[in-house]
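Common to both upcoming complexes is chain A, partnered first by chain B, then by chain C.
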Partner chain A sequence: MPKLRTSAALWLSVLALIVLVLPLAVPSHFAIDIFIRVLLFAFIGVAWNLMGGYAKQLSLGHAAYFGLGAYTSTILLIRFGVSPWIGMLAGGVVAMLASLPIGAVCFRLRGPYFAIATIATAQVLMLLFLKFRDFAWGAEGTTMPNLGNSPLMMQFDAKAAYYYIALVMLAIGLAITYRIERSRMGYYLVAVGEDEDAAEAIGVNALRIKRNTYLISAFLTALAGTFYVQYIYFIDPNTVFGFNISVEVALVSIVGGIGTLWGPVVGTVLLEATSALLQSWLGSSHGGVQLTVYSLILIAVILWRPSGLLGVLTDAYARVVHAGPVRAREASLDG
Partner chain B sequence: MLARCAREKPPSMAEALVVHDLSKRFGGLRAVQDLSFSVNEGETVALIGPNGAGKTTSFNLITGYHRPDAGSVFAFGRELVGLRPHDICAHGLARTFQVARPFGRMTVLANVMTGAFLRDRKPEVARERAREAMDFTGLSAKEHIPARDLTTIDQRRLELARALATQPRLLLLDEVMAGLNPAEIDQAVALVGKLSTRGLTIVIVEHVMRAIMAVARHIVVLDHGQKIAEGNPREVVADEQVIRAYLGTGYVHSAAPGDTQC
Partner chain C sequence: MLATVAQAVVNGLLIGGIYALVSIGVTLIFGVVKVVNFAQGEFVMIGMYISYFLATRFGIDPLASLVVTMPTLFVVGVLLQQFLIRRVLALGDMPQIFLTFALSLLLLNVMLLLFTADYRTVQTPYTETAIHLGAVYVPVAKLIAFVVAMLLSLALWLFLRGTDLGKAMRAAAQNRDVAMLMGINPDRVFCVAVGVALALAGAAGSLLMPFYPAYPMVGQVFVLMAFVAVVLGTLGNVTGALIASLMMGVAESLGIQFVGADSGLIVVFLMLLLTLAFRPSGLFGGWTR
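This part shows the complex of A and B:
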């Protein structure tokens, strides 16, 4: 459908233009900080979505890879003076290696058992790093050495620099997802997510496809870990291996629409932006309000739109453009 | 007894599938017991028997979903026991499930393409192959419908198209006609016949006797996990043990001893 493709390209260019000039148009440090968080969590959401969304393997332990990425680059930086840019890739490789045994154990479990097993992996790693006092600073954690403005060491004076790094990471994550969605791997992933036995019956090696996806997902999540600790200049086990991270990246995808390219982005924009804005408006005066609103959004989505908010948007768009909902778009895996 | 009769195999006909002494227990239940039968290339063989006779379990044993306790499954010169289902499919054996299992979130086309990807990893090629399979099963008009919205017969068609898209040499059909009305059964019978004339080897589990008589030249009858009879349709329906298994002892006529010989 050439007409649809050109309009999609148009929207994408407009979107790209907006996000590119955003830090220039909005000089407030506070706002840029929110944007960076949105981009970062959208990126991890995209990484999670490959596994949790397309293949429907509900992982609640992605903090394991986030933390491994963060610790690998930090240890390399502080102990060996290696640039975080290299540490980032090293962290990705460490996460991939860790995902192999974790996957080998967890993939034999299905449904909620898989989710519980993944929670355990992140918790075990957190406990380990709490004990690694000599090597990894134990529970106290450590701050990053301040090297001033040194792009080669992933440290910048301008917050906008972090914004653009996160933006590039998100773009890469989306591009990878886009490619996978349209390849054999994408079809196999969705098939495994829908019905593993039926997929096996038509020649899909379910274990292999899950393992390969987990490798990619772990690698990307680890990159985000490095970026995050470089950005906040601090690392400790609770920050990077915390259950919060695992839940948050799963939630943004679930709210946005699992198994869709843009779902995690839509979900993060809504959840992160709402909670950040509420926090700033209400401050500490109305402590629980921010969490309450956050929870209400979740409940509303799960009750009325279990397939995610992206479906609402595309349906509305279809209604405007075609004057009628296009149901098959929802399942438009036929390219 | 028919089951004891050695089947004559003309040397020209190669054996596509040889099941030998296959056994499987689930706890105290002997689901399949010392089952042996073979299928020649290009032949259509039916597996019949009352509910719980072990037909579907046999399928699961052959296609790698259950591991047999004993026995062997040989297909196109390779032992299948111990292989995973996707390996067995790659070896040329495709199956359908008794309850259709479409990938509901995908379109019909995407479902069938997933099968076609086994032989071609390029989406354009897989799409072409998928369209051929959908053409064959009569699904072409519905390629953009999400699979969860299909009617029962269309879900069965999809199940078949998806299996065919893997380009199998041997097709195992598990009750593809259950729940269809008489007109739809006729369509399904015609479809199976068409597959057979294309040279595909078929093993079919079915309860609809009319369909079996129409498609199968050779029938294997199971009861309580054991083979109780085997032969062509005419022989099988006259067999004492078969009648007893289906209808009870009171219905057995004293058939002339010569009638049921091979």
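This part shows the complex of A and C:
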């Protein structure tokens, strides 16, 4: 067993090294752009997964927090000249505050009811921001002021800088998940996810556990919102509160494997890689191709591997490690 | 002022009839099969496209195409239940929601690929005509849609009350295990439930076509409304869904009239959130889940 742990640590450091030098080794802007998207969506997926994966509270409204984070930092930046670094944290706090009443309503509901209620909250926020023309630019949205290369204002000439920020965010998200997974709270969460009534019966305060997790999840998702609008230099309600954001973050976790540390990362890499390949083959003119393929992958995963693709990878890895070199070679020849 | 309110109420009731067809479908599938069909709106969309092509290629009136869309979508529903939903019934909420959700994404985006996002409309002799009742203006196409929607709802109600198959469906909805002990074949009942629900969605599509444009995203409008109606009317309760749909049509229409053109949905969603906060089991029933 210790042998497996050292090999896991070895693989992890190799992975870390590759990820660290990736933007230096790959000069293509297109490629780095995809890497940034992968890191960002993996990060939001990780944040979603705390709620949706471990506690099995299927939120289809995480765009609410993404959008609140994005709008808080943007309003602070444009109206008050506050650095997005501070705005990012402020956005996180706003999202946490918003998650309290939203959670108070939605946590009384289970399964499909909960999912529908979360869709409604994100939609209400989007409609409100579409309506607030004076306060938040309405449907037209606004572009970020271009301040040149000013790291203090979260604006960089080099795309690699955004890459490393997203990488740090993902690392933080994974570290938090890792900590929670191994804490009392993590076990409570899984218990609530398995059977809420049974968890309550043995003394878990399900409502408090869900609320606390939702706070963390909302905070992290809001950070991603700020980062995203700083990266694309544009904000409007349809982009940041859009249903697509809510869908994608849930999708990557489910495809990768909900309730697992690395599931959202595996799912994002797979889906974004597929989407990038499609884009380079077909050009970006074919509206609908990407989501068509995403949904086919999702249906296939649900029908054949409902626990997610991470399991497929770890099974294969375990087979290779335990089978020894000769049989491992056979296994790899088999396919 | 009174005339404005009356006009808004009439507009709301008329479109509420269409919401009712969609939400009755959702609530029927949930009641019997215990799965929330997130793709219900996409079947409305498919019904619209079928009617659109029958109208433009063969000159068939969208209302006449009901006899095509309803049976077609019934068959689609049976296949959907048999080959997709049945396989995830034992898996719990999450895979079920995501299966129907993925199906919704798939249908929407395939249609986007095939037919682009263009709006497609059908002109019928009655598209522009209207009846004037005092100061209130009643578009004929919407009135026909409403009347047919109510007749179909009534037919479904009679079917559930009066026929053996309908009674079997209600029995399976109440308690699957006991229903099986009574000799009811759940597979067959589930197939019929999903088939009927999709046939209603298809009917909604045909009824909409004379006055509403078809485009790949159109289902989203109706499915969101249907979800709200289904929750307000208590998931699984057909009569509740019907009444809630009409109420929501009116609420949306009053919202548009008195708060602003983009506020209809806000009013409806706030209704949903308030209901969930104070009466999470809906307005019409005592049971949750």
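As a working rule, the second predicted complex is superposed on the first by the 312 of 335 C-alpha atoms of A that agree within 3 Å, B and C clash if a C-alpha of one lies under 4 Å from a C-alpha of the other, contacts with A are read in each partner's own complex, and residues count from 1 in each chain.
Methods note: a contact is a pair of C-beta atoms (placed from the backbone, for glycine too) under 8 Å apart; a residue touches a chain by one contact, two chains touch by 3 or more.
Here the structure is a predicted model, which means the values were calculated and not measured.
K.L.:
What is the contact status of A:204 with respect to chain B (first) and chain C (second): first, second, both, or neither?
P.N.:
first
K.L.:
Contacts for A:157 in the overlay, against chain B (first) and chain C (second): which applies, first, second, both or neither?
P.N.:
neither
K.L.:
Is A:195 contacted by the first partner chain B, the second partner chain C, both or neither?
P.N.:
It touches chain B, and chain C stays clear.
K.L.:
Compare chain B and chain C by how many residues of chain A each one touches, and report the one with more.
P.N.:
In the superposed model, C touches more residues of chain A.
K.L.:
Regarding the shared-chain residue A:182, is it in contact with chain B (first), chain C (second), both, or neither?
P.N.:
first
K.L.:
Quick one: in the complex, what on chain A touches chain B?
P.N.:
Contacts found on chain A: 182-184, 187-188, 190-191, 193-195, 197-206, 259, 327-328, 330-335.
K.L.:
Under the definition above, what is the set of chain A residues touching chain C in their complex?
P.N.:
56, 58, 60, 104-106, 108-113, 115-117, 119-121, 123-124, 127-128, 130-131, 243, 247, 250, 254, 258, 286-292, 294-296, 298-299, 302-303, 306
K.L.:
Going by the contact rule at the top, pick out the chain B residues touching chain A in the complex.
P.N.:
Listed in rising order, the residues of chain B that touch chain A are 63, 65, 84-86, 89-90, 94-97, 101-107, 109-110, 113-115, 117-118, 121, 123, 126-127, 143-147, 162-163, 165-166.
K.L.:
In the complex, go through chain C and note every residue touching chain A.
P.N.:
30, 36, 84, 87-88, 91, 93-95, 97-99, 101-103, 105-106, 108-113, 116-117, 216, 220, 224, 227-228, 231, 235, 260, 262-263, 265-266, 269-270, 272-273, 276-277, 280, 288-289
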